[in-house]
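Pasting a structure here, questions to come.
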Amino acid sequence: MILKLNEITKYFGGIAAVEDVEFEVKEGNIVALIGPNGAGKTTLFNIITGALSPNQGSIIYKGKDMIGNKPFQMASAGITRTFQNLQLFGGMTVLENIMAGAYLRGKKGFLQSFYTLPRKCSEEKRIRTEALFLLEEIGLAEMAELPAAALPFGKQRLLEIVRALASEPSLILFDEPAAGLNIVETETLTNYLKHLKKRTSMILIEHDMETIMEAADRIVVLDFGRVIAQGTPAEIQVNPEVIKAYLGEDEQIA
Amino acid sequence: MGEQLLQLLFSGLTVGSIYSLMGLSIVSLFNITGILNLAQGEFVVIGALIAVSLCSIGMPMIVVFPVSILLAALLGGLIERLTINRARGASNLNMLIITIGISISLRGLALLIWGTDTYSLPAFTKGGPLFLGGAALNPQSIWIFALAVVNFAGMYLFFEHTYWGKAVKASVNNRTGARLQGINPHTISLLAFVTAGGLGAAAGVSIGPITMVTYDMGFMLGVKGFVAAAIGGLSNVSGAVIGGLFLGILEAFSSGLISSSLKDAISIIILILVLLFRPEGIIGAKRERKI
Amino acid sequence: MKKTTIFGIIILLFILIVSLVVKSNYLFSILIIIGLYAIIVQGLGILMGYAGQVSFGHAAFYGLGAYTAAILTTRYHWPTIAALLAAIILPGTIAALIGRQTLKLRELYLALATLGFGILVFIAFNEGREFTGGPSGISSIPFLNIGSFAFDSDRKFFVLVWAVLALLLLGINNLVHSRTGRALRAIRESEYAAENAGIDSASLKLQAFIFSALLAGLAGGLYAFYITFISPAAFSYHASIEFVLMAVVGGLGTFWGPLLGAAVIVALSEILREVVPLLIPGAGGEYQIIIYGIILILLMVYKPEGLSSLGAVFDRSPKRAEQNTNKQ
Amino acid sequence: MKKSIKSWKFIPCLVLLLALSLIVGGCGTNSQTDAAGKEAYKIGAVIDISGNSSSLGVPERDTLKMMEEQLNAKGGINGHPVELEILDNKSTEQEAVTAVKGLIDKGVLAVIGCSSSGPSMAMIPTVQNAKIPMISLAAASSIVEPVSERQWVFKTPQSDIVMVNKIIGYLQSNNLQKVAFMSMNNSYGDGGKKTFAVAAKESNITIVAEEKFAADDKDMTPQLTRVKASGSQAVIVWAIPPSASILTKNFKDMGLTIPLIHSHGVGNQNFIDLAQGAADGVILPIGKLAVADQISADDPQKKVLDNYITDYTKKYNSAPNSFGGYAVDAFNLLVNAIEKAGADRTAIRDQLEKTQGYTGISGIFNMSAQDHNGLKPDSAVMVRIENGKWKLIK
């Protein structure tokens, strides 16, 4: 088990955005977090990555309680994320985005950076090679020198995913990675996520049911900040409460 | 001792009203356009210098006052069209630098037309100082204070109690939304600068009799105005007035009771403390910062 | 051949040729001033262009450097080179002390706070009579010397300042393209995303702030050893604003921006001084100021990304400025 | 790394720097000769035309231009026309240094300037090194002292001590022993304060209150409130307008009745106009220029003063002030020295040092190897302002 949430609760102005949320992520698993808009999914992501601190509860990651850590400390512990509204480093090149994402893979500080020629630096070479490898894997290698902002939207989504991967985290939080992608792109993404299971555990917020059913090992359903169900895709698919609360009467799972 | 304190209070209120006037203009422009105008002090100077010229050709003060306001307002509008309007969508920093450019150019213009001499303006009402409780009070101080109050009341009513005022304030954060409400941000920006020019001149003409007018005094006035505005919370009209008065009184009392050489240091330290610990201003309610 | 090598050769050639060919002390002094300002603006450029933090108080660090060098040599008779070292370290230390709190502020609030800091230090220069000589300043500062070699002519000082500048350019080029440089740019682009990549943005911003203060202190120390007289007037907030202008005019986040900005602003005022009277007979400083202001406005209106973008027609990272303004 | 440095980008940069060097370098080479073929004598001036001290610099520039025209109309120096180049230092030290280096490159024989103390001090190392005579128009005595380190530097305004002694004399003759001293927080006020403190101690005058204000302060009531409470018998103020005028108005408004003594910094009509009547009763030491109409006809300076006033008023339509007077003296001292020495900087310096009995606007100059100012206390007079006019205190 890599991550365990206990009784996570967060209030905004007296209203609970998430309440008593508990679930676990097993190593190498993809856990999908689903629920209607405003169910508290992104808030939960913000809590897990340290951007928000919960009013109560604990985040046990690799056996340690992580409450009170800032996002960069969470990242160095091995938890990274992507964003629903893309947060690429738009003015930097695609390659630089990945290399910046691999920040934790290097050690050189401010002063050392100042007096070392980057091309004489083995660390720099290694990070560059690794970054190029990651880009190649997802088919962005020939765009390495383009500014990230110049990529088409779908590629930007991919780039952000690769950037999160570059630090070699043990847990990645994906916030609606398939939003805005076309059918072909979504399929590529789904396959890629499955492929990533060898390297890392994942939590996935997604509305695209096809992706979820295909990729997720477990599903956690949130509604009004509470976990109303969790289980395997097959279990969730037939859970009456979920169908009632989330999927609605008229929507069918394909 | 009581007389001395009263005297310091009068001095503080006089200077404080001047700072409030500066702070008010800065805050109103900031509220409307989101631009921190570093050239506001120059508007004041140009307005006052126009009045100096008008007075010198024999116009009575009652005519000089509105005419200078009108001319300075026109200048404000012209500047907006020539600079700010052409730089739509520039970043905050770039806008700030454009206003620095405006301030430099206006200072040069003032130097060119009026030279380096210091001028004074006639007081609105004749007669010597009033003595209240043994402390002297210059009648012009009362005028300045009154102008600050009128300005404040006008802005407060506009921003807080009219539909347009609220809409305009909201349009800073949301340009599209503003357009939907039928507000054209470019027109608003023009009007804001016209107002800033006019307010500047009004301030200039009324403070002139006390502060005198030199082509290069604008920047310092502007800086004091910022400090006043920042102490008051930067986007808050009542904050600017209170910030200005607070700053003026603080300066008067610290130079009158502690040391005249530490006066500026004390007010800057207060500024920094406010920025660090109460960025919403000394009176503002705690809330999330947007900027 | 690697670009860095070419760059090194070009700049060395430039220093060599200028120092051999130029005879005019005036030209040297202009180049020295450009060099000193470029050193400050390099640091400010890292802070503003990469870490995305504005400072309207860098004249304070510049002044602290100058006063440290002046006081240690004239009052305590330190060797000049040791005093120069202290002139770098002291502003850096002060930046470290005030930085963490100050850098929590954003944009306009940060601008006001740094402006306030600058004014405070300026007041200290004026009031610390015992040490600083008050408004009358400190005179008879010795020339910088290393052993028996003194930098006592404009030519020697030019070589020194530009050699320092060249090393800095090289170092900053390293920095910008290193792990740290990428992290700094990442913070500017999206602080939140940078944090999620494990970048400690508060600490890096602080380091950039300290770095820029070190460079301003270095320039200040060199200035004191060059002019050999200092008074508070040179370190007022006007100077701070001028430095920000140089950084922005040159182009933020670009390699040549700081040098270009410093050169253009200094050269502009010198050229206007020579040219304006030719265009408008009898014209004095008045026109210079107006023209200077207008050029500044035009530049910001039509070239908001700075002058170095003029040379970057073929640059493969276009739309940088657009990106920045579109970000929320 | 392959696109880290775009070395071609250095080219515009380099071009710009070289263009700059050509522009500024090129300006230094032209040298005019007049019809008679005698080469022009070049003199440089670095003046605070814009910036903080512009109110000093502008009348100085105007005066220098007028002097140059007059001299050349009379045929120059020994038939050589004089070419005076005036540069603006924007009241900054750094610009003063670059400007003076530019002038030296252009081969000037001597330099006049600057208007204020800071920029003057900043120029000193450069002129000392280049061995160029310099005549400063700023008052601080540290500009010419110690002379051993300032062989090439002279100045025309009276040193603070001249004025301070006048004031001390006035205080003593009126039996005023407890005084308050107020000064502007800049090098002018600072210089006055230091000099007065020393002189007052020697004359057993106690300073019971010491107050400062910034040049751009808008209200000095708080400082005056402290002065009022201090029980001083007179107030001495070391400042220039507009702050000096504001202070005077505040003083009057507060109903203070003790003598108000200003420095020569307010020695122009502007001060009186700005104070709008409040200046009446103010006492100050001043050069004779302001009261030229009142000094006796047999005063040796009378004619010089009258001439300058007439010429300046005719050309610029306003009365000259003492700052312009400093420029007159600097220009004339230099012309006299060049007349004797020719185009030789060392000889010019020697001649300047030997100046004896030159009757100028600020007084009669007698320089020596120990004194590069050369003015005695009799170069100033005490005046009282009455009905908006200077009135000589006999």
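Residue numbering begins at 1 within each chain, and the chains themselves are lettered A, B, C and D in the order written.
Definition applied: a contact is a pair of C-beta atoms (placed from the backbone, for glycine too) under 8 Å apart; a residue touches a chain by one contact, two chains touch by 3 or more.
From a predicted model like this one, the values you see are computed outputs, not experimental measurements.
Based on the averaged CA atom positions, which chain is farthest from chain B?
Following the centroid criterion, the farthest chain would be A.
Need the central chain here, defined by C-alpha centroid distance to the all-chain C-alpha centroid.
Smallest centre-to-centre distance to the global C-alpha mean: chain C.
Max contacts between which two chains?
Ranked by C-beta contact count, first place goes to C-D.
Starting from the mean Cα coordinates of chain B and chain D, work out the distance between those two points in Å.
Taking the mean C-alpha position of each chain, the two centres sit 35 Å apart.
Measuring centre to centre with CA averages, how many angstrom lie between chain A and chain D?
Going by mean C-alpha positions, chain A sits 71 Å from chain D.
With chain centres taken as the means of their Cα atoms, state the distance from chain A to chain C in Å.
41
How many angstrom lie between the CA centroids of chain C and chain D, rounded to a whole number?
33
Identify all positions of chain A at which a residue touches two or more other chains, and write them in rising order.
Answer for chain A, listing residues that touch two or more other chains: 118-119, 145.
Mind pulling the residue numbers of chain C that touch at least two other chains?
Residues 2, 4, 126, 177, 285-286, 288-289, 316, 324 of chain C each touch two or more of the other chains.
Do you know which chain D residues sit against two or more other chains?
Touching at least two other chains: 1, 3-4, 50-52, 54, 58, 185.
Please name which positions on chain B make contact with chain C in the complex.
Interface residues on the chain B side: 36, 83, 86-87, 89-94, 96-98, 100-109, 111-112, 223, 226-227, 230, 234, 261-262, 264-265, 268-269, 271-272, 275-276, 279, 289, 291.
Which part of chain C faces chain A closely enough to touch in the complex?
Listed in rising order, the residues of chain C that touch chain A are 2, 4, 171-172, 174-175, 177-183, 185-186, 188-190, 192-201, 204, 207-208, 211, 253, 316-320, 323-324, 327.
Name, in rising order, each residue of chain C that touches chain B in their complex.
Listed in rising order, the residues are 48, 54, 101-102, 104-109, 111-113, 115-117, 119-120, 123-124, 126-127, 237, 241, 244-245, 248, 285-294, 296-297, 300-301, 304, 324-325.
Write out the stretch or stretches of chain C touching chain D in their complex.
The contact residues of chain C facing chain D are 2-4, 6-7, 10-11, 14, 18, 22, 24-31, 33, 126, 134-137, 139-140, 152, 154, 173, 176-177, 223, 227-231, 233-234, 255-256, 259-260, 263-264, 267, 269-271, 273-275, 284-286, 288-289, 308, 310-312, 315-316.
Per the contact definition, I'd like the list of chain D residues that touch chain C in the complex.
Against chain C, chain D makes touches at 1-7, 9-14, 16-17, 20-21, 23-25, 27-28, 49-52, 54, 58, 61, 87-88, 90-95, 97-99, 101-102, 104-105, 117-118, 121-122, 124-125, 129-130, 140, 142, 149, 185-187, 189-191.
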